[in-house]
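Each in structure tokens, the structures are laid out below.
One chain, chain A, appears in both complexes that follow, with chain B as partner in the first and chain C in the second.
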Partner chain A sequence: MSLVNYASREITCKIVYYGPGRSGKTTNLHYVYGQVPEERKGKMVSLATQTDRTLFFDFLPLDLGTISGFTTRLQLYTVPGQVYYQATRKLVLQGADGVVFVADSQSRQLDENIESFQDLHANLGNQGMDPRTVPLVLQYNKQDLPRDMIMSVDELDEALNFRGVPRFAADALHGIGVFETLRGIAELVLKRLASPAEAGSR
Partner chain B sequence: MISVAEPWVEAPLKRFVDDARVTFALLIYPSGQVLGQSGFSRAVEVMSAAALAAGIYATVRELGRTLDGKGFRDVFHAGAKRRLYLAEAFTPRGPCLLLTVFDEQSSLGLVQLYFEELRTALAQTKVQVPDAAPMLDENFEVELNRNLAMLFGRAPGRRHITPTS
Partner chain C sequence: MALDVRSRFDTFVVGAANRLAVSAARAVAQSPGAAYNPLFIYAASGLGKTHLLSAIGQLAKQLQPDLRVEYVTTDELVERLHQAVTRGETEAFRQKFAELDVLLLDDVQFLTGRQETQSELLRLFNVLQRSGKQIVLTSDRPPAEIADLDDRLMTRFSGGLLVDMGTPDYETRVAILRRRCDERDVTFAPGVVEEVARVVFANVREMQGAINRLIAYQTLGEGDVTVESVHGLLGDRGNGAGHQRLTPKSGEYESFLSGLAVAVAQHIDARRVKLVELTAEWRTQGYRTGALERALQSKETTDPDALVKEFEHKIARLRALEQELVALDPTQRGSVQFRDPAALEELERLAETLRAESVPPPPPDGSLLRSEFEVGPSNQLAAHAADAIVEEPGRRYNPLVIHGGAGVGKTHLLHAIGNELAAASGGAMTVACVNASDFVNELIAALQDSAIETWRGRYRRVDALLIDQIEMFAGTERTQDEFFHLFNTLMEAGKQVVLTSSRAPRTLTDLDERLRSRFEAGLVVEIQPPDRLLREKLVARVLANAGVTPSSEVLHAVAGLEMPTARDVLRVGERLADMAASSNGRLTSADVSRVTSVRRSTPVHRATPSGDAHFGDREKTVWDWPDLSGRIIEDLR
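So, the complex of A and B:
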């Protein structure tokens, strides 16, 4: 649930980048970090192994500025993608207001994408969150790789996007689709604060 | 200077900071969302500290369960000049964590003493329910898109943004 301070008119939202190992979750955050001016971001925190694999999480706080008179901030987290960090993923997912699922477009990674997506749904359910209503967008990363190595957006839709949520083709390493993905999830998360149904549930 | 996201946190947190004479105090939900803080100057730094504190506590709790069969209730770390204390409390909204940093002006015993008072106060506090009206305008997307575009340097006028931290 987004944290809202009515007195000082501030909104803080937690967004988690989820997906299989090496799909590009940390790369998304690194790109965002590199684009945003110093005064609008905090330090990027990475709890990683010596080989730069995410061990616990990456974290990047962003100041979005004022929206409808509310100072709006985003907390961007990634989870470790490797299968054996299940407990860590559950912890990071706690209290998430929205999820970006970063899929690896390589054909040989399809099983890992599906397994991670199922893992996301199970973890959301375990925390009492309805996977069907949690704000979610998909990012099909590595679409810059040769055509014969990757699945098309339509093929990935067929495999993963059965909810018909917003999805974005991306090459996160070069920043393509990163901005659009962040805008997509921010819009879905904030939309909940603009709708009477969500406001009534707070 | 105390700043809070929930008004019911302000009085007990201020009393704790004054009595325990700590340098920093940060009250958060276990998910890393900030309830209130004292001692930090930038909002983004508060969020980073909150994320790390939530991570430390989650890790230590699981370590306690693994080694001792139950989670540790608090964590203490002594640095060269500053010391850190992290512990769990409960509010009508659910569990929360206090991260506090102190120096030679205070002591672990003093911090733990006043933390117990803070725990009691938070458990007994009355939580105000906010107005249920929608907060954001229907056309908030326009502002969101403009702000994000400026943040990423994709729109003219980036230099006109006023920092809000």
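So, the complex of A and C:
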């Protein structure tokens, strides 16, 4: 997809929230949606099961208005976290400009986090995208849970953030860290504009 | 309006809530028109918008004293516009604002319902932005929330950098209060300032009002303000009644948007943006910008500046070519190719062709004038026809064919017509006057150089075509063919054609019938051998030119001589002039007889006409050489 269209003065970024099931990807989108002024609200498409689990994916188009003369749109997607929705994840990942990996901070979810993170790398590779250069940030969600239930930011860094990408502690349910994460990934995506060589290798 | 000298960057307390706005404002002041244009700052009342505007103006003036900076509130702008309209000075109003380098416009939210001011501002915006002048705007709300704001203004307001300023955090509030105390040279007991900072105020202005009250209390000798007395002294304010909290959780979305705006401003390729802007401008000028648009879409484009430079160069070339080509060929005016850089090569070729075509065909000989063409009964018909043509070229006699024997003055009359036509039009008419054999040679050269189209173009663009000795076309199939088409083209366009021939056109059997019939369709006039009157006039002219005034007896004698061509007459006249020169300007009938005897004693060597048409041309060949004795006598004289 065209990231920056100078001719029509449009910036469109596709950002995919990736992570294990129930880590809070859809919650992130819901919080963002709730904060968007009414006049800017698009329609959030959420295909969820009866038990509120993402069946296919969520899609939130964010029309940010004109920024520096560019009509700026963010398209936020989530993938279904459950292992058996592999095909959907691949599909949603296509053409992504940036990825937010939402990890569940609960200690017992560590294996799921790692498995999903590996799955992300594998899927990026399958799409012909270099996992080392795709803009990526980590969000350690559910940091509001009792200390004894969760891993600290440092511990999660140790387990997941071997590339040293930006990471954000979050409590998506209450909105903590949600916009920081979104801004982090948006900045990384925009930064790639400045280095066309890297962008071209995608 | 004058800027408030106290409102500078160094008196503005920077905190997290306004850091972005201050950075942008400083960047704008340091390089107006280059960083963020326009810069739109929005914040609730009392948070420092006007202070920032003033700071921008002062820093910009400090760095570049020659800058024309104008600070104006929206209300004042409206008022000034109304005054200008009332006084009929709208143009002066526009002119004044259009000449600014930096326009600082405060409180644009008051544009609501001011349609005329909005229209005027839109116009001003376009003018200033086109010339790279800086515009800074403030408002208490973002452009999208200004009611009744023209869409075009809204997009322009949002087209640069949009930054907001939030309410200051506690630390910033303390810093603001401390600075105010320093300015007023007042020292409060420890903890007082911090306590005031904790009190709830709607904005910084109100907070400053509160500290002013405390300062007044303390400096007026009412006793020192203590932490405990703060709330009592500030009354309702101190209790926070009726006010919202100073540090409400400001909209996360807006904060996110501001941050993203900075990231976008940092990372978009300014050179590409410039390319986009120029592309749009060129497109509005009617130029085809497809190549630039494709380049913009392409990731391969690594140097937009080079593209801009190349395109600018092409446009400059297109403009130059348009000017040149329209001058060469007015029918090219308005051609869409002049707006298409891809057509540049084609236009260069066209220019080359037109330039070659524009080399005018041979003009008439300037020395053969109508005023020197003497008229007698033998040539008066031709002379009258010539004059009629000069009067109304292309209308009266077209074509005019003048025929007659060699030396009777056809060529003179032809060139004279050409000169008269050119003179009558003030030089505007392109008159081609060419000998038929030269015409043939030009065609051959054009064929040789594969420049036949250029050759055709040269002749088709003339206003009058005069060809001498048309009989020379005999035996030249291609020339006759080309001439046939040229003749038709010119006749259809109402251009004058004059031809001379040694014989009547109907007898030119070597020429195509289609040509002969067309020659006959105009006026065919014959010039007879010079009559007596003409002979007399010609000799009189030659002698007059030599400063000799002959007696009527001499002229009578000369006119009585038998001379078949005007050239013969002129030659006799010249000899008489020579004789007059050697006899103190006096001529007698005897002199005429002597000239005659010399002529008679001169045997005429008639060269055998060869097959070459040139040698068959009596006019171009010297037939009458004096014999040896004659030449010696001439030399001795």
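The definition used in the following text is that the second predicted complex is superposed on the first by the 189 of 202 C-alpha atoms of A that agree within 3 Å, B and C clash if a C-alpha of one lies under 4 Å from a C-alpha of the other, contacts with A are read in each partner's own complex, and residues count from 1 in each chain.
By definition in this document, a residue touches a chain if its C-beta (ideal position, glycine included) is under 8 Å from a C-beta of that chain, and two chains touch if they have at least 3 such contacts.
Because the structure is a prediction, the values reported are computed rather than measured.
Overlaying the two complexes via chain A brings chain B and chain C into a clash.
In the overlay built on the shared chain, the residue A:Q35 is in contact with chain B and with chain C.
By the touch criterion stated above, A:G125 is placed in contact with neither chain B nor chain C. The wider contact with chain A, measured as residues touched, comes from B rather than the other of chain B and chain C.
Within the superposed three-chain model, A:K14 lies in touch with chain B and out of touch with chain C [touch as defined at top]. In the superposed model, A:Q75 lies in contact with chain B only, and not with chain C. Annotation: chain B segment clashing with chain C after superposition, chosen from 26-34, 62-70, 80-88 or 152-160, is 152-160.
Counting contacts as defined above, chain A residues 4-7, 11, 35-37, 39, 64-68, 70, 72, 179, 182-183, 186-187, 190-191, 193-194, 196, 199-200 meet chain B in one complex and chain C in the other. Taken in their complex, chain A has these residues touching chain C: 2, 4-7, 9, 11, 35-37, 39, 64-70, 72, 175, 178-179, 182-183, 186-187, 190-191, 193-194, 196, 199-200.
Here chain C touches chain A in the complex through residues 36, 144, 155, 158-162, 251-253, 255-257, 259-261, 263-269, 272-273, 275-276, 279, 293, 296-297, 299, 302, going by the rule given at the top. Within the complex formed with chain B, the residues of chain A that make contact are 3-8, 10-12, 14, 35-37, 39-43, 45, 47, 56-57, 59, 61-68, 70-73, 75, 77, 87, 91, 94-96, 179, 182-183, 186-187, 190-191, 193-196, 198-200, 202. Remark: chain B residues 3-7, 29-34, 42-45, 47-48, 51-52, 54-55, 58-59, 62, 130-138, 140-141, 143-145, 147-148, 150-154, 158, 161-165 touch chain A in the complex.
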